[in-house]
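Heads up, there are several structures right after this.
Next come two complexes, and both contain chain A; in the first it sits with chain B, in the second with chain C.
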Partner chain A sequence: MRRLGLADIRAGLADGAFSAVELAEDRLAALEGAEALNAVVSPMPDRALEAARAADRRRAAGEPALPLDGMPVAVKDLFCTEDVRTTASSAMLEDFVPPYESTVTANLIAAGAVLAAKTNLDEFAMGSSTATSHFGPAVNPWKATGDARPRAPGGSSGGSAALVAASVVPAALGTDTGGSIRQPAAFCGIVGLKPTYGRCSRWGIVAFASSLDQAGPLTRSVRDAAILLGAMAGHDPKDSTSARQPVPDFEAALGGGVRGLRIGVPREYRVDGMPEELDALWRRGAAWLEEAGAEIVDIPLPHTHYALPAYYIVAPAEASSNLARYDGVRYGLRTPAGTVEEQYARTRRAGFGAEVRRRVLIGTYVLSAGYYDAYYTKAQRVRRLIARDFEQAFERVDAVLTPTAPTAAFPLGEKMDDPIAMYLNDVFTVPASLAGLPAVSVPAGLDAEGLPLGLQLIGRPFDEETVLRAAAALEEAAGFDAEPEFVR
Partner chain B sequence: MALDRATVERIAALARIDIAEDEQDALAGELSAILGWVETLNEVDTADVAPMTSVGGHRLPWRSDEVNDGGYPDRVLANAPDAAGAFFAVPKVVE
Partner chain C sequence: MSALIEGREGVWEYAIGLEVHAQVASAAKLFSGAPTAFGAEPNTQVSLVDAAMPGMLPVINRVCVEQAVRTGLGFGGAIARHSVFDRKNYFYPDLPQGYQISQYSDPIVVGGTVEIPGRTVRITRLHLEQDAGKSVHDRDPDRTLIDLNRAGVALMEIVSEPDLRSPEEAAEFLTRLRALLRWLGTCDGNMQEGSLRCDANVSVRRPGAELGTRTEIKNLNSIRFLREAIEYEGRRQVEVIEAGGEIEQETRLFDPDRGETRPMRTKEDAHDYRYFPDPDLLPLELDEAFIEAIRAAMPELPEARRDRFVEKLGLSDYDAALLTAERARADYFEAAARGRDVKQAANWVAGELLGRLNREGLEIEAAPIPAAGLGELVDLIADGTLSGRMGREVFEAMWETGKSAGAIVEERGLKQISDTGALEGLVDELLAREADKAAEYRAGRTKLLGFFVGQVMKATGGKANPKLVNALLRARLEE
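Now for the complex of A and B:
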């Protein structure tokens, strides 16, 4: 049952090859056996088995199968889950037990999913390695050939990505603010999709940067990403930025092929110091799509170079505002002191790790009197130019092909003492985030060290269907079927 | 822009985060490096560009001003570090 994806599980349950309870028990045992990945913050075995029993009861009663009936899914520990602690991998929320369920996880439960575990992440989703977690780093199931050093799974959705890559669960939920689904997907050799901003409700997701945060699926196939996204998406009155867009049948879009599609290749993504084999893989990806009938078009995205610095003003600014709520009064950690002012400052010192403190301080500075226009307003103006670059590109092309991350997975612990080196991980993913566009990472090959590399496809707003179609073509051409060391 | 210790202290006070005195120099260095890097944005001419405050630009929805949730103070207070009756409790703020 280890290698079964969501589509396989749907077929297996329908045929009676196994029951949902058998599958859940098997996957819960696999979760227990995957402790070395440090990918789980809180397991949910009781809740999972109850959901699996309900799926079996429905089938026994002859009811039509729900879209995710009996399918095990792991959940990034940033989604609030009713009566199951939700930590954001922070000391601040170590004992926080939400009295409510996030809209996206509620949608999955209503679709019959078996939520199996809450997964490790960078603290408050701030990071590209899952090493800023209060619970210690998650570990990538992949290792380089002849190199025993454990690797980072990427981040911030690193626990989710590691579990899917190690075939512990068939699918997991992540969130992506500047690349936190796509970069770990690339590092772990799986599929990760960031939907259009507004496609999935943000209600009940611990907020990082509200104009950028978006939930999405991590899976081992493009088809499974389409299946999971379909159940996650939809308008939600509880999120004022949730879009009133109909949810198409994403899976039905997959068979479309790419014949006649125009795929843009942006010259500005060919950055200094990019490994030659990544550049070669990118060219190969374009050739694969061309052989499948797409037309490759060289396009300019002239402001690409400025996306990352703009992001590192906008995201910390929003974070400093969102994280103001952690004051030791209503929930979360409290470090008592004589006055309420002292209590705030001590609580926030004790509850936030170094990277979160750094970002809150940067955000506070760029929003402070005298600096607001020079930093924050300037970054918002540049953000518009980046969005405009894409609007102009999409007058000529249907999707854009780029690498997902500038390198393969690095060894655990690297880049931790150099914030900017860590931020550069997101150089290819941040532009689509700033523009609010849907983007997917597809595993496309292994580098010379045997580590996975991903290619990214970016699409028009609310055109996940074209993104998924092109991703399916890329997936088929790449034929990526390598398995990580952890499962060999 | 290079931040000095006094500025770091001021930002930390605004952010309500205790920073130990012996951390201020290292933090000033890190924050200065990040600010120096983001200042590459000054190379971009944005004179005629309006700030982008949200994606998609759809109008914020309205709803009627009616209570549609609540009435369970125990659940609201369940995660409170300290509560008194149906209230959150904090150290005395008014003499």
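Now for the complex of A and C:
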């Protein structure tokens, strides 16, 4: 049952090849066996088995199968889950148990999913390695050939990506603010989709940067990403930024092929120091799509160079405000002191790790009087220019093809003392985030060291269907079927 | 009503602007569905959003937006088609999010005016914002407790230009604005419960000179305190300046017990609120149809109603102003006057009823006599059943017992005697008994008429129709 994807499970349960409880027990055992990945913050075996039993009961009663009936899914520990500890991998929320269920996880539960575990992440989703977690770094199931060093799974949805890549669960939920689904998907050799901003409700997701945060699926196939997204998405009156857009049948879009599609290749993404084999893979990806019938178009995205600095102003600015609620007054960690000011200071020093503190400081700085216009206002202007670049590009093309991350997975502990080097991981993913566009990372091959590399496809707002169609074509052409060291 | 301050070195003039915080009349809070009722047990009206639990998001309450638009239309402001909610960031234990959602650069209403006697006061803006919770310091000797019932309640902050020239004008402005809010039903105006609070920006200057440095007096919760605080603050500023000092721009608190203002605890670091647009909320876009629907349903405004009372109903300026000071008053009057002598109805509402309410410290909503009941009383006087004096007696009885005028007349046998035959007998009897005085009258001492009328009234226990008695006496004495 290890290699079964969501579509396979749907077929297997329908055929009676196995029961939802058998599958859940098997996957819960696999979770226990995957401790070395440090990918789980809180397992949810009771919840999972109860959901699996309910799925079996429905099937026994002859009810039609729900869209995710009996399908095990791991959940990034940033989604609030009712009566299940939700930590954001932070000491601040180490013992926080929400009395409510996020909209996206509630949607999955309603669709029959078996939520199996809460997964490790960078603290408050701030990072690209899952190494800023209060619970220690998650580990990538992949290793370089002849190199025993454990590798970072990427981040911030690193725990989710590691579990899916190691075939512990068929699918997981992540969130993506500047690349936090796509970069770990690329590092772990799986599919990761960031939907259009507003496609999935943010209600009940611990906020990092409100204008960028978006939930999305991490799976081993494009089809499974389409299945999971279909259950996650939809308008939510509790989230004012959630879009009133109908949810199409994403899976049905997959068969379309790419014949006649125009795929843009932006020259600005060819950055200095990019490994030659990544550049080669990118060219190969374009060639695959061309062979499948797409037209490849060279396009300009002239403001790309400003995306990363703009992102590292906007996201920390919002974060500095979003994280102000963690003050030790109502819930979460409290470190008592003589005065309330001192209590704030001690609580937040004890509750937040170095990277979170750094971003809160940057965000506070860029919003402060006298600096606001120079930083925040300018970054917002850049953001509009980047969105306009894409709008103009999408007058000529249907999707944009780029690499997902500038490197393959790096060894654990690397870049930890160099925030700028870490931030550079997001250089290809951040533009789509700033523009609010749907983007997917598809595993496209291995580098010379045997580590996976991903290619990214970016689409028009709310046109996940075209993105998924092109991704399916890329997936088929790449034929990526390598398995990580962890499962070999 | 402007007033000058006599300094040692000549006169000074006030320049006062108010910032009024009016709680929006709405069953639910600005961004959550939690209720807003006053006086509930602590922390019983708090949603997950109000407590700023992780992942919770604000959703704008349509009713609060409508109320803000209604208020803006009420004072003639321009309704912004596009306004923005910003975050005002600061740490405080009763501010759960660590920021207040407010409107900073793009408020929902811009401009407008409020008329006070002798002056048109300009409104700068009205914006919507969240209230904070309450820190409770006196329940526990060692700890501060937090009550979040108010956290997230919708407030309208209404800011005036520094157009007011005396403490009295400031008080008049706040009175008028409060009446308008109550008139529109957008704020209950209850200052004791904190539904309406006010900050006063006060400065002094030589008449006609540039504005001086202002101080801000925070959180004035009665019109009397507003007047007293400004009065004190103006004199204090003049003393400081005349002694060669300078006014420091600062926030001050008014101590009603000592009748003085004092600087608030100075913060070591000045607040930098780091305003930025709230990314959880889209800009508020209002279309023409939304605004027009509210405009179409607006009640007749106080000035229009006052003018109508004068021009169409023929009331005096004084009565019309008195009867339109509150919408409930005007409604009461119009209900009492419907279908009968309007001026008489106005006299009874403006005189007897408002006088009694005033003495008892009651609002008209609490009057024990319904408008229709007062109308019945007016009718009984108009048709001669009751004299004016008897009417007042019946009014008192109605107030005390809650019974109708008709029932009281019946019970007490208060019917006025308008039977000519019966009264003629009494008159003849009287003139016969007082033949000397009758002769004096006929000789020219016509003042004696009062004496005769009094005697008839006395004989009838006050029930005789005084007009009729007058006429009968005159006829007999002058025949």
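Note that the second predicted complex is superposed on the first by the 488 of 488 C-alpha atoms of A that agree within 3 Å, B and C clash if a C-alpha of one lies under 4 Å from a C-alpha of the other, contacts with A are read in each partner's own complex, and residues count from 1 in each chain.
FYI, a residue touches a chain if its C-beta (ideal position, glycine included) is under 8 Å from a C-beta of that chain, and two chains touch if they have at least 3 such contacts.
Predicted model only: the values in this text are computed from it and were never measured.
Q: In the overlaid three-chain picture, which partner chain does A:V382 touch, first (chain B) or second (chain C), both, or neither?
A: first
Q: In the overlaid three-chain picture, which partner chain does A:R330 touch, first (chain B) or second (chain C), both, or neither?
A: Touch partners of A:R330: chain B and chain C.
Q: Applying the touch criterion given at the start, work out whether A:G436 contacts chain B, chain C, both or neither, answering first, second, both or neither.
A: Only chain B is touched by A:G436; chain C is not.
Q: Please indicate which partner A:S42 is in contact with in the superposed arrangement: first for chain B, second for chain C, both, or neither.
A: In the superposition, A:S42 touches no partner, neither chain B nor chain C.
Q: Please indicate which partner A:T407 is in contact with in the superposed arrangement: first for chain B, second for chain C, both, or neither.
A: Touch status of A:T407: no partner.
Q: Considering only touches as defined above, state whether A:S211 meets chain B (first), chain C (second), both or neither.
A: A:S211 contacts both chain B and chain C.
Q: With the two structures laid over each other on chain A, which partner does A:R346 touch: chain B (first), chain C (second), both, or neither?
A: A:R346 sits against chain B, while chain C stays out of touch.
Q: In this superposition, which partner touches a larger number of chain A residues, chain B or chain C?
A: B
Q: Using the superposition on chain A as set up above, list the residues of chain A that contact both chain B and chain C.
A: The answer is residues 96, 99, 211, 237, 240-241, 320, 324, 327, 329-331, 340-341, 344, 364, 368 of chain A.
Q: In their complex, what parts of chain C are in touch with chain A?
A: Those residues of chain C that touch chain A are 48, 51-60, 87, 89, 91, 93, 96-99, 144, 146, 272, 274-276, 278-282.
Q: Any idea which chain B residues touch chain A in the complex?
A: My answer: residues 3, 7-8, 11-19, 27, 30-31, 33-35, 37-44, 46, 49-56, 58, 60-61, 63, 72, 75-76, 78-82, 88, 90-91, 93.
Q: Touching chain C in the complex: which residues of chain A?
A: 79-80, 86, 88, 93, 96, 98-100, 102, 202-207, 209-211, 237-241, 317-318, 320-321, 323-325, 327, 329-331, 340-341, 344, 364, 367-369, 372, 376
Q: Which stretch or stretches of chain A touch chain B in the complex?
A: 95-97, 99, 197-198, 211, 237, 240-241, 243-244, 303, 305-306, 309-310, 312-313, 320, 324, 327-334, 336-341, 343-346, 348-349, 352, 357-358, 360-362, 364-365, 368, 375, 377-385, 387, 419-420, 435-436, 461
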